[in-house]
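Multiple structures follow.
Next come two complexes, and both contain subunit A; in the first it sits with subunit B, in the second with subunit C.
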Partner chain A sequence: MKEDTFVYVTFIKTTAEKLWEALTNSEFIEKYWFGSTFETDWKVGSKIIETRDTGEPGFHGEILESEPPRRLVYSFVVPGREASKVTYEIASHGQMVTLKVIHAGYDKDSAEYKSTSNGWSAIMSGIKTLLETGKPLDKDSIYDLFGRLN
Partner chain B sequence: MEEKEVVYGIFIKATPEKIWDALTQSEFTRKYFWGTNVESDWKPGSKIRFFSDDGTTFSEGEVIKAERGKILSQSEWMIGPDGKKGGESVITFEIEKHGDSSKLIVTHVHSAKDHKKAMHGWEMSMSSLKSLLETGEALQLQ
Partner chain C sequence: MDKIFKALADSSRRKLLDHLRKQNGQKLGDLCADLDMTRQAVSKHLKLLEEANLIAIIWKGREKIHFLNPVPIQMISERWIKNYETRQLGAISDLKRTLEGEE
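Coming up: the complex of A and B.
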């Protein structure tokens, strides 16, 4: 696995339990993960499979750690790329929680790193908007961002 | 002195102009940036004053580049209680419009020893700015 990591932190006005729900409930995920659905039971050792809204396969992996509502780790495999690992950490601070995502296994100078960092800032921003306003960010806006990148 | 760069990108459901106003007007900055008021005419070469509610100036800066709704680049330095000027850093905000939302990217070039503190500060303040523009209320930051 490559050695660089991408780290992103956002502060959200919610509870750790609600944030955990947003990370692990397929209906929520679809609203901020570009319309994709995830298939998994979130138990350690189980598979996790992403299907894009176009029906194409996304990433797949295995649940490595699951400690509700604090920590979730899974491997992240995309065909044609080296395997990487995603870690979510949730911490409470009064009326807020911090959500930290650590995506390990990148080469900082690669094009993949740039698209990954864009992807995570859109996903994390989407989770925050969904939890604070009850509505997701507009899907077309997010697609517009990725359309320009590609 | 060794320099480092903090880059933080965030998606906000707001127009680029609204985000620009939130970066340049005290009625917004004091809510998401720890009570900071700002004063400038936001033209390249102009001075910027950052001050608390009681009028005390705690830092100053200069506008490098300014295009409403697109880019704001500014230098900034602390002013000590004795009036002494601290180290200078450069902060650039870039705004991109995407549908009904915008992407705000902040890049802060500063001395390497402040890296962790600077990153943490932007994570908090930009999260709070997003909440303010989307929900009308900033986060309660300590």
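Coming up: the complex of A and C.
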């Protein structure tokens, strides 16, 4: 097994507070996370559970760090795979905010790695579109893109 | 967007991105060892790629670790590729890869 780290960065015309809200509000999340809902109170030590729009379970984990509106870390466990860790870092640069997502401890040689990696790009792009235009990316186009890239 | 295309318009910089795609998270020294370029040239190219947000940096102590950031390329794809075209395009690029013998 080979552990690897992946980093995704995007610049968004918004505030750190609004971005934090987009990352931690279940209604927002549903709009860019392929229709999934999250169950958690975002407090350190609490569980986080993803349910897909089909009703199937997604990933689950535990909130490891939570410093609004700057830093959020949780463990990321998909049944049958190695546990990994996701870190969100938010930094302000004038009227822009950078969102950096670091997905660490992932098994690069696993078959599922590629789909997860493409998923993150689509999620980041969706957050940016949602915050800058107020509208989510068309859900079908996200699915289509996701399917094509796999 | 100009910065992204400018950064991608150079074959050495695309080569650097290819290297990071193969092995993500490399130091300047690692990247220089694999490429036929001076350290200064690699460093300059990396700076341009970083400004275009095509690579992301994580500091490990005093060393920069470079990662391929696929988000801007994703956004280019979303901007110009329409919903109904994606499947056909996927099939065409699969065919091209098969015929040209790439994996």
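Side notes on the structure shown:
Heads up, the rule we're going with is that the second predicted complex is superposed on the first by the 141 of 150 C-alpha atoms of A that agree within 3 Å, B and C clash if a C-alpha of one lies under 4 Å from a C-alpha of the other, contacts with A are read in each partner's own complex, and residues count from 1 in each chain.
Definition applied: contacts are C-beta pairs under 8 Å (C-beta built on N, C-alpha and C of every residue); 3 or more make two chains touch, one makes a residue touch a chain.
Everything numeric in this text was worked out from a predicted model, so none of it was measured.
Subunit B and subunit C, once both complexes are superposed via subunit A, clash.
When both complexes are overlaid on chain A, the residue A:4 reaches subunit C alone and has no touch with subunit B. Once the two complexes are laid over each other on the shared chain, residue contacts for A:77 go to neither subunit B nor subunit C. By the touch criterion defined above, A:94 reaches subunit B but does not reach subunit C.
Residue contacts after overlaying the shared chain place A:102 against subunit C, while subunit B stays out of touching range. Touch criterion not met for A:16: it reaches neither subunit B nor subunit C. Of the two partner chains, subunit B and subunit C are each touched by A:125. According to the touch criterion, the shared surface of subunit A, contacted by subunit B in one complex and subunit C in the other, consists of residues 9-11, 117-118, 121-122, 125, 128, 137-138, 140-141, 144-145, 148.
Contact residues of subunit B toward subunit A in the complex are 9-13, 96, 98-101, 103, 120, 123-124, 127-128, 130-131, 134-135, 139-142.
On subunit A, the positions that touch subunit C within their shared complex are 4-11, 100, 102, 108, 117-118, 121-122, 124-125, 128, 137-138, 140-141, 144-145, 147-148.
Touching subunit B in their complex are the following residues of subunit A: 9-13, 93-96, 98, 117-118, 121-122, 125-126, 128-129, 132-133, 137-138, 140-142, 144-145, 148.
Against subunit A, the residues of subunit C that register as touching in their complex are 24-25, 53, 56, 58, 67, 69-75, 77-78, 81, 83, 86-87, 89-90.
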